[in-house]
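Heads up, there are several structures right after this.
Both complexes below contain chain A, partnered by chain B and then by chain C.
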Partner chain A sequence: MKFQKRHIALLVYILFLLLPIYWLFNMSIKTNTEILGSMTLFPDNPTLANYATILTDPAWYSGYINSMIYVAINVVISLTVALPAAYAFSRYNFTGDKHLFFWLLTNRMAPPAVFLLPFFQLYSSVGLFDTHIAVALAHCLFNVPLAVWILEGFMSGIPKEIDETAYIDGYSFPRFFTTIFIPLIRSGIGVTAFFCFMFSWVELLLARTLTSVNAKPIVATMTRTVSASGMDWGVLAAAGVLTIVPGALVIWFVRNYIAKGFAMGRV
Partner chain B sequence: MNKITNNKAWFLVLPVFFIVAISAIIPLMTVVNYSVQDIFGPDNRFFVGTEWFKQVLDDSRLHEALLRQIGYTFSVLLIEIPLGICIALTLPRKGWGVSACMVLLALPLLIPWNVVGTIWQIFGRADIGLGGYVLNMLGVDYNYTQSSVDAWLTVLVMDVWHWTSLVVLLCYAGLRSIPDAYYQAAKIDGASRWAVFRFIQLPKMQSVLVIGVLLRFMDSFMIYTEPFVLTGGGPGNATTFLSQYLTRMAVGQFDLGPAAAFSLIYFLIILLVCWVFYTVVMNAGQREEH
Partner chain C sequence: MTLTLENITKTMGGVTHIDDVSMTLEPGSFNVLLGRTLAGKTTLMRIMAGLEPPTSGRILVNGTNVTGQRVQKRNIAMVYQQFINYPSMNVYDNIASPLKLQGADKAEIDRRVRETAELMHIEHLLDRLPQELSGGQQQRTAMARAMVKDCTLLLLDEPLVNLDYKLREELREEIPNLLAKRDTIVVYATTEPMEALLLGGKCAVMHEGRVTQFGATTSVFHNPATVETGLIFSDPPINLIAGHIADRTLSLASGHNIALAGHLSGISTGNCTVGVRANHLSVVNPGPHAIAMQGNVELAEITGSETFVHVHFNDASWVIQEEGVHNPRLGETSTFYLDPSRLFVFDADNRLMAAPPVEIANGKAA
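Moving on, here comes the complex of A and B:
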């Protein structure tokens, strides 16, 4: 690869992206005395004490477990319902299909703040308040439309002749769908799962409102600790670093499809 | 692709329909219900018609929040879209660098939004944050908790940091779909760098740019968490955007009626833009097919 001027711009930009993350990591392996006492680019005495605090205190680590649980439930629900729907949208014309698609998209565009209070009352009234399933269902509001949208893009790229050949060969719809079609679009499914994971993982407002103790997500644990017990910067930074790790791992798996996925499979 | 007309396809869509209906229609009805009533208790409520809507539309603090929101959203678009295009053009097309760049660029998008706020809250502080410390050392009097200009700029830089990658990845996907033959033809014709960009790359990026612009419009129009963590809407009301104002009204002061009326207006604004977006994208898609 020839080194050109344009690579300098790219390097500067990536440096700009990484510097704040590095600073968070840097703080997470310092003691509070060092954080508040002096400005050091590298920690003098690197310590893992902040991480130890989080990984041994149930109030902290249960937040991670709760987040993982509701994100996983959400990804499973979103994919299960979105797969057949996306197939219908990509292959058939049916009464009201365009209006339905538009209506689904409007939910991706609804500000969560609008739904805050009604959601709280709805889930309280059916006894789902403070459960993982409540948060997972609430996140379906924006993740299901997104999943349908992305999957539809990927499915439209598969030639229809494949479906027709399979039906002529005597495949029933469920058998065709599970044994032929799903393997064909597995990269699309992977990318969709990634996006559902992403938007459920980063969301705070709904997750915080719908939980109190048993299903409290890590993001809520962090904001509440900030206001309650003064500023334990080291632990806060360590908790932040730990929320980045799952995302970084997941990106690695979809790195080759990620650009196409962001274009909703439409390129 | 010509599709078959088959109304049985509705059966495949039903699960999605039900799950979204439960989480969208019931809450929306609740909001509509609140917006026309004055509620004192479970059995003590009055129908007030459009009173809340009038009150909300006359609320001067709301007008300020709306103006602030529009200014913010336009600043975000004006910075992120051109910057995103530029960065996408600098990305390598093959080799190990592609994967590495993808992972690094996508990283900010996967960070929970309140952690994004926390990162910049720390980074911008003059006593413990690298950014604030360096700025003050250079003689810039920077303090985002005191000065509203600094707070505004910090929120803006944070958004650029957080979301420009989305635009970059979208544009990159568009650029990747250009066959090498186009570039070779341009080379034979002796096209300038600008001509290649203007007549080959930009048209190919058009459809993804529409998606990018509207995703950024919607998401920056409903931004809540990051400024909430970073500045809490302050100093004063300098960084109080619509979602923050709404949440304060609904959960903080429990003004359900006005909050619901405001929610509906807020939703309608986004819906309108969304409809324009949908029409534009669908028309662009049809033009490509023909």
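Moving on, here comes the complex of A and C:
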């Protein structure tokens, strides 16, 4: 391929996008002295000590485990609730279905901070404070409407006649749903799971407020690293890199489906 | 089994889709539902299947009321206009699925799947997925799935519409043979009169949610009970003109007078509507008995062996079907001929009074 002028713009763009990520990675393999010292494009003494700190110190790695637990719970709950709901919205007509469908989305229009106080008060009083399920449930408020919305788009793309043919063949609803329908919207489920994951993984405010010690997420851990000796920049950068990794992995797995999701106009 | 519909009515959102339909379908019969799009054919089939409940009326199977019974409980099969298969299963599993659900044993399933696949000529495609098949093969798979179980009611909702011409002809010939010697009631919906005639059996003509006539297909074709039935069961639609009968003479609104003779001789006097099929008009003079008429040529469609000439006649558009290629000049007045012995006469209430006797082997299709 010949190098053309338009490639310059593309390269500049990619450079611009990747620079912060590179800088983060760069910092993560430097020592604190070097970070605070002169600006270097490449580390003078590359070190993995920062990563070692994170992976051996329970205060750090438990943050990842906590985050993963509540994200997983959230994805599972969101999908289990949204699948039947989306099916109902796509297949049945009932009074006010369109309004209800839209109302679901309005849940996402309010910023999470609005629900902070009620959630905090509610979970404290029922004893759910500082549990994984508390964060997972709180995130459901935002993820379930999104999941219903995305899944409904995929389900409406499946002709209703397939359902009917299955009933005529003798399938009961649960059997039809699990053995025929779910395989048909696999990609939709992948896309939905990805978006639920993404929201839950990066959400900071609710996750931090509803937890203290036992279910403290990684994002909260990262904001609380000011120690007596000042900021531990290197470790913080390494934590940042490790936070990107799960997201990147998930994107890699659903990359083909995402495009389809965008094409359906629902993402 | 015998399927009886009793005063079935279906309204949705204030619109009547099916209007008081009663009919009895005999075991092993082949029934064609003929009607234009939106006539209610699909809705009626869905009600027969139990996919939709009727607003009022009853559905009886062998005299037992099954209205409102779940679809899974009825032993039926349906083939849609779209090619509906389970995309995640291969052809074999698609065909086998109704049998598996009935709990048949493996050897029996295997035997019947292969037997049905062979009938439908898809035995070499059994391990493919539906999306790897052509449209015709997909529809054959869907039909195989419908036929593999011994259902009591088989509903075919315009199954050939989305196929190309050649495949359609091929399958249309096969269908009646495939379904012969079975105890199954077959209901086949179509919009094409020609298809109904080729399939034979019995025919129910539907118009705006009503069954206007139900009887043997050829007899319905030759004796359309109403003007509507005649319009639906002719392609191109039957040509109509108002008329009046008095003094043993039929006077057409165009000013032509026809002495009542032959099949027209016993009809009662009064206002009437006269219908004549396009193939009973001609642009060449068929003989001294024919009546010459004049019309303004609007359009001439040449299909290769036949010409359809559209003429403006007595404020209506008439179609003349003529063998061979004819090139009438557009916009000019042209003479065409009407054979009085081929006229349908409907009374003031649009009911059939006289139909021409059935033509046998005189070259033109009846």
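The definition used in the following text is that the second predicted complex is superposed on the first by the 248 of 267 C-alpha atoms of A that agree within 3 Å, B and C clash if a C-alpha of one lies under 4 Å from a C-alpha of the other, contacts with A are read in each partner's own complex, and residues count from 1 in each chain.
Rule of thumb we're sticking to: a residue touches a chain if its C-beta (ideal position, glycine included) is under 8 Å from a C-beta of that chain, and two chains touch if they have at least 3 such contacts.
Nothing here was measured: the structure is a model prediction, and the numbers come from that model.
Participant: Given the touch rule stated above, what does A:Ala82 touch, chain B (first), chain C (second), both, or neither?
Facilitator: After superposing on A, A:Ala82 lies in contact with chain B but is clear of chain C.
Participant: Which holds for A:Trp23: it touches chain B only (first), chain C only (second), both, or neither?
Facilitator: After superposition on chain A, A:Trp23 lies in contact with chain B alone.
Participant: Classify the contacts of A:Ala237 with the two partner chains as first (chain B alone), second (chain C alone), both, or neither.
Facilitator: A:Ala237 contacts chain B only, not chain C.
Participant: Using the touch definition from the top, say if A:Gly247 reaches chain B (first), chain C (second), both or neither.
Facilitator: Touch status of A:Gly247: first partner only.
Participant: Who wins on chain A residues touched, chain B or chain C?
Facilitator: Larger number of chain A residues touched: B.
Participant: So, A:Thr165: does it touch chain B (first), chain C (second), both, or neither?
Facilitator: second
Participant: For A:Leu184 in the superposed arrangement: first (chain B), second (chain C), both or neither?
Facilitator: A:Leu184 sits against chain C, while chain B stays out of touch.
Participant: Let me test your reading of the model: by the given contact rule, A:Val144 touches which partner, first (chain B), second (chain C), both or neither?
Facilitator: First partner only.
Participant: In the complex, go through chain C and note every residue touching chain A.
Facilitator: Counting only chain C, the residues touching chain A are 49, 51, 70-72, 76-78, 80, 82, 84, 86-89, 97-98, 101-102, 142, 145.
Participant: Which residues of chain A touch chain B in their complex?
Facilitator: Going by the criterion above, the answer is residues 1, 6-7, 9-10, 13-14, 16-21, 23-24, 27, 35-36, 39, 41, 77, 80-82, 84-85, 87-89, 91-95, 97, 100, 102, 104-119, 121-122, 137-138, 140-141, 144-145, 148, 156, 160, 198, 201-205, 209, 218-219, 222-223, 226, 233, 236-237, 240, 243-244, 247-248, 250-252, 255-256, 258-260, 262-264, 266-267.
Participant: Taking the complex as given, what residues does chain B use to touch chain A?
Facilitator: The touching residues are 1, 3-10, 12-13, 15-17, 19-20, 22-24, 26-28, 30-31, 34, 86-87, 89-92, 95, 97, 99, 101-115, 118-120, 122-123, 127-131, 133, 161, 165-166, 169-170, 172-174, 176-177, 207-208, 211, 218, 221-222, 224-225, 229, 242-243, 246-247, 250-251, 256, 259, 263-264, 266-267, 270-271, 274-275, 278, 285.
Participant: Using the touch rule from the top, collect the residues of chain A that touch chain C in their complex.
Facilitator: Contacts found on chain A: 159, 161-162, 164-172, 180, 183-184.
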